[in-house]
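Below is a structure I'd like to ask you about.
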Amino acid sequence: MKKNNELRKIQIVRNFTKHAAGSVLIKWGDTWVLCTASVEDKVPPFLRDTGRGWITAEYSMLPSSTGGGRKDRDIKKLKMDARSSEIQRLIGRSLRAAVDMAKLGERQIIIDCDVLQADGGTRCASITGGMIALEIAIKKLIKAGVLKENPIIHRVAAVSVGVCDGKATLDLDYQHDSTAEVDLNVIMTDDGRFVELQGCAEHKPFIDKHLNEMLKLAKAGLKKIFEITAR
Amino acid sequence: MKKNNELRKIQIVRNFTKHAAGSVLIKWGDTWVLCTASVEDKVPPFLRDTGRGWITAEYSMLPSSTGGGRKDRDIKKLKMDARSSEIQRLIGRSLRAAVDMAKLGERQIIIDCDVLQADGGTRCASITGGMIALEIAIKKLIKAGVLKENPIIHRVAAVSVGVCDGKATLDLDYQHDSTAEVDLNVIMTDDGRFVELQGCAEHKPFIDKHLNEMLKLAKAGLKKIFEITAR
Amino acid sequence: MKKNNELRKIQIVRNFTKHAAGSVLIKWGDTWVLCTASVEDKVPPFLRDTGRGWITAEYSMLPSSTGGGRKDRDIKKLKMDARSSEIQRLIGRSLRAAVDMAKLGERQIIIDCDVLQADGGTRCASITGGMIALEIAIKKLIKAGVLKENPIIHRVAAVSVGVCDGKATLDLDYQHDSTAEVDLNVIMTDDGRFVELQGCAEHKPFIDKHLNEMLKLAKAGLKKIFEITAR
Amino acid sequence: MKKNNELRKIQIVRNFTKHAAGSVLIKWGDTWVLCTASVEDKVPPFLRDTGRGWITAEYSMLPSSTGGGRKDRDIKKLKMDARSSEIQRLIGRSLRAAVDMAKLGERQIIIDCDVLQADGGTRCASITGGMIALEIAIKKLIKAGVLKENPIIHRVAAVSVGVCDGKATLDLDYQHDSTAEVDLNVIMTDDGRFVELQGCAEHKPFIDKHLNEMLKLAKAGLKKIFEITAR
Amino acid sequence: MKKNNELRKIQIVRNFTKHAAGSVLIKWGDTWVLCTASVEDKVPPFLRDTGRGWITAEYSMLPSSTGGGRKDRDIKKLKMDARSSEIQRLIGRSLRAAVDMAKLGERQIIIDCDVLQADGGTRCASITGGMIALEIAIKKLIKAGVLKENPIIHRVAAVSVGVCDGKATLDLDYQHDSTAEVDLNVIMTDDGRFVELQGCAEHKPFIDKHLNEMLKLAKAGLKKIFEITAR
Amino acid sequence: MKKNNELRKIQIVRNFTKHAAGSVLIKWGDTWVLCTASVEDKVPPFLRDTGRGWITAEYSMLPSSTGGGRKDRDIKKLKMDARSSEIQRLIGRSLRAAVDMAKLGERQIIIDCDVLQADGGTRCASITGGMIALEIAIKKLIKAGVLKENPIIHRVAAVSVGVCDGKATLDLDYQHDSTAEVDLNVIMTDDGRFVELQGCAEHKPFIDKHLNEMLKLAKAGLKKIFEITAR
């Protein structure tokens, strides 16, 4: 059993599939997410003729990816799953923070995060894996001469922390996550600044002390994650 | 012009409309939200026959509520607005944290937050106003003998803080919000614990110092808000 | 209790909200409708390059606006409520009858009628309140020099009449409406001509005599309504 | 060319198709509507266990039924056509007025009105043809011993009248309809009472004199229609 | 009762309705399908500026067209019926095989196949009837000088064959179809080549011998069908 | 380059993911499909209380799975992709042919086929991989004592054949498929009988000789495939 300040094993399979500009299978413990980056020449209407680009993300779980029963596809209910919608907005905001949109130029990169197998922490795996897929796609754009300059300002990654049985704990798997009193997702840059903080204590409100302990664990964890994901 | 540690004027109109079990018009500066609480005897499928209740929220902006042009209704696009979806999940989680579901019993309370006029901070106004609507509805259930015991554990309220021109600032209105480097929504209980933290720095990642300053301002602001909303 | 030839109390709150070009809260007894007018520079496809404008309306009830239980939002079922659809077509046709589309020029005015509280007669309140919101918006366009000439030909207003216990009755509230044998909505111009007549006797077909009595009451009622809504 | 007090030729093909309980092809000039009646044992939720029945209608135009270009199917836009929605509510209300729901018992009859070819007056043809399909279906229920007593109280039929070039005119075809100043649909019982009146003067408000002339023409027209549709 | 190598009676009513460019009612035993061809000047995006045209098909069953209970309209469920979707793709592919798209020029012909009454073999009736509607529409385009040359390469038609009680059988009606071990739809050109083969043996896989017998019957049947549909 | 009677390399990764009852990653050349089998205790309404089970399939392509540009998710358009709908019906019918529904008992097995990477032949890979996932799931049900007897009657598999440059060719990859004159999908049992035949010659109708050559190649190919997929 892993200790409260340990990460699960993280494995990065670059170029997993062949059609997308960037493709990464991230295996984070038993959580597997296929993260791909696709480049399009058109941008959302509010950016047309501004010379600026955009990063957006889509997140989805395969029907068979979860324990506790098959998950219906969104199209069956004709509704985007609300949790997925919340998560993909988070992924999009986090990855946009990594890029200088003026340097990216008037193009859009779509990060698709498809969960093949879920065991807790899928949003953090998606952000972390999506960052790598984004880097691969951007390297190709630079190599092809489409981009003159690297638009990536800093790298971002994410990790979850929580409070389990009163004790701050790093990197919650599904079993921990579902019983944790607090669940805090921390998204940071590789120079140690916060991009997003999303903490939720539906079952038991938390205090400053726990917040500080969790943030400390998250920073240490992210330091290791940036080492793993760097080349 | 208000100072960086000041709140906008907050006005609570209880029993604004007559049909809902609880109805509150909260006027928070120029942000007006109609918050109502409706009680239903049925609960979501996963709670049937558990004896436990549920609180859920719906959030919507009237088409004419925003500056910068009319907002299409969701039904026109057949899609729930993704931002609304994210916000109503936050409202629901925050208010569920206020209630002991076993004491509520097998019934559901739906908090509808309809924004009549928006000027920044609609999600915080919704949580704060929704809490009061919820209290009114629960008082009626107690008075009617439906509930034996008050299921409310503590009250919750929300406020936004941000960093504007490098300075931590309390209670952002639309003009501040759209230019802030960081936007942090803090949801707390009336005994000073955190329920949710949602911080986003899409444009400029932030550092510990700013986080601490923002949290300090939020706590002071929430103290005043709890005084305003209590009777 | 009001007499069969009396109107309920009608109150007009002009400029209720600040973002829309025209905004009116009409309180007609316990029926409250927020009517706003938004101006857009684009027109529906069939009017492009004709130099002619368009008026359209959208009608919706807030979930908590009705007695007898909360009403689900349309987006939940992914279907426009059929009754709302019928009503907003009526509002649109009625208000278009008030305006010279050539003088309006190639722009569209959208009248949003959002029912905050319902107690019968919401469609008549929407038409009557919508007309005032439309006038406010048009005055602004004239003042801003966008329109040279006032495109309003005449003002329109609406009132419901019915037959209750065999007796023609003016201005049905919810209790009357739901028990009336006949329900006739009369929309007229301020010079006494008919714009729309919508009479429905699902439960008891009616005779000429009743039609004539109802029309007489409606005309007298509308005369008073035009006095109330004029400035 | 037909005179202003004449009806177009009306032809009733009973039992046009074989699967529905009642099936009628009504050819009203060049307007052809296939009206069928289907009997179901279940009723809408609000009628369960009341012993009362229900009549409802659905109206749709085939894509190739209209002049002036093919009409997209509703399913392509995922939206019920708003005009169709308004019309089918009118058909349903009109036909419900013909039936004693207690005598019908706890079953529902669905009247499908599918326009094969449109040339004005499709809603009136639908009501008139739908009434006959309903009668055929009910006769079968009586013959089969399902119904003891005939639940039909009176027959209903519909005709349109209008004002064309200042002159009241009976039974508008498409060419007349699209240029008429007023368009009034009159639905009556066979004993001369009104079931619905739907008059619309979007382009030119009308006066009492025209209303009276139109109603007179409609009554005379409906008398002939009841003769044509009776057996 | 018809023999295993006999066709049901097929009747072609050309120019059944008046608005579409081509309109055919095909009565194939008790299966009646209204097939119409509508010409549009726009083509799907992937063909713009290629000078090439397109043929597409839509298939739908009227709610009252089937035995065994009324069929809900697609719009009620907000979902295209999956069987209809599969069938209309087959009709579209089959009819596209009949036409030289370069000669058709940059326009689209939509074939609407609306089943008025179903008794087995609706997809074959749709293809066969749709071909005739297509021919009528194209003749009009040639007559109007829009097309210089006839783009039709060959005519296509369709018939179903199956294995019933171990015996290959031509032209299955509903009763046969629902009990057949195999159901094979054969679409051919009038010079005896295959356009589509769709065989399905969900209940009992079949052998070469049966395939050969079925194909032989289908060829003989299609020869007769081409005689019936030719003028 | 592979010969016209050769198969691409087929690789079967059993138990690829952990939550589904059966999980197979089939790599067929560069076509990769994740096929999973999920068991549910409920059956579709028409099978309730019959003691019989059901097999159904869902097919979807990940947005990044195709060459030639990213594919939008179905939920974005609120419409099931029509090609996917056609394919999943084919997979479902093919796999149902493999199972004795009475022996399966009143439960449903859902086969999810999610294409991770597409290079032609995804429907054949889905049927072939889906069969293996189905077998794994059924073995578990037998092992767990839920099933007394093996409900699998025979195994099924699928392969595509076509005519390329006038020559019958086995196992078309994307490049072949998109230029083939004919595309025939052959689904057979392991004892050499046909389950489905789906041949399409949109661009060039084909003759008996080609049909026979294609069927011969398909049979030989399927023989090898059954060897590869058996254990």
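Letters A, B, C, D, E and F mark the chains in the order given here, with residues in each chain numbered from 1 onward.
Please note the rule applied: a contact is a pair of C-beta atoms (placed from the backbone, for glycine too) under 8 Å apart; a residue touches a chain by one contact, two chains touch by 3 or more.
Source: prediction; values computed, not measured.
**Student:** Indicate the lowest number of steps between chain B and chain F, counting one step per move to a touching chain.
**Tutor:** 2
**Student:** Going chain by chain, each one touching the next, work out the least steps from chain B to chain C.
**Tutor:** 1
**Student:** Same or different: at the chain A/chain B interface, is the fraction of residue numbers used by both copies above or below half?
**Tutor:** Same, since over half the interface numbering is common to both chains.
**Student:** On a CA-centroid basis, which chain has its centre farthest from chain E's?
**Tutor:** Following the centroid criterion, the farthest chain would be B.
**Student:** Any idea how many Å lie between the Cα centroids of chain D and chain E?
**Tutor:** Here chain D and chain E have centroids separated by 33 Å.
**Student:** What whole-number Å value describes the gap between the mean CA coordinates of chain C and chain E?
**Tutor:** Comparing mean C-alpha positions, chain E is 50 Å from chain C.
**Student:** Where the centres are mean C-alpha positions, what is the separation of chain C from chain F, in Å?
**Tutor:** Computed value for the inter-centroid distance: 58 Å.
**Student:** Listing for chain C: what residues touch at least two other chains?
**Tutor:** Within chain C, residues 78-80 contact more than one other chain.
**Student:** When you draw the chains as points and link the ones that touch, which shape shows up: line, ring, star, complete, or other?
**Tutor:** Its topology is that of a ring.
**Student:** Round the ring, starting at chain C and heading to chain D first, what is the chain order?
**Tutor:** The chains follow each other as C, D, E, F, A, B, starting at chain C and passing chain D next.
**Student:** Using the touch rule from the top, collect the residues of chain C that touch chain B in their complex.
**Tutor:** Touching chain B from chain C are residues 17-20, 23, 30, 32, 34, 36, 38, 40, 58, 60, 62-67, 69-70, 73-75, 78-80, 110, 112, 114, 116-118.
**Student:** Show me the residue ranges of chain A that touch chain B in the complex, using the header's touch definition.
**Tutor:** Residues 78-80, 82-83, 85-86, 89, 93, 96-97, 154, 184, 188-189, 192-203, 205-208, 211, 215 of chain A touch chain B in their complex.
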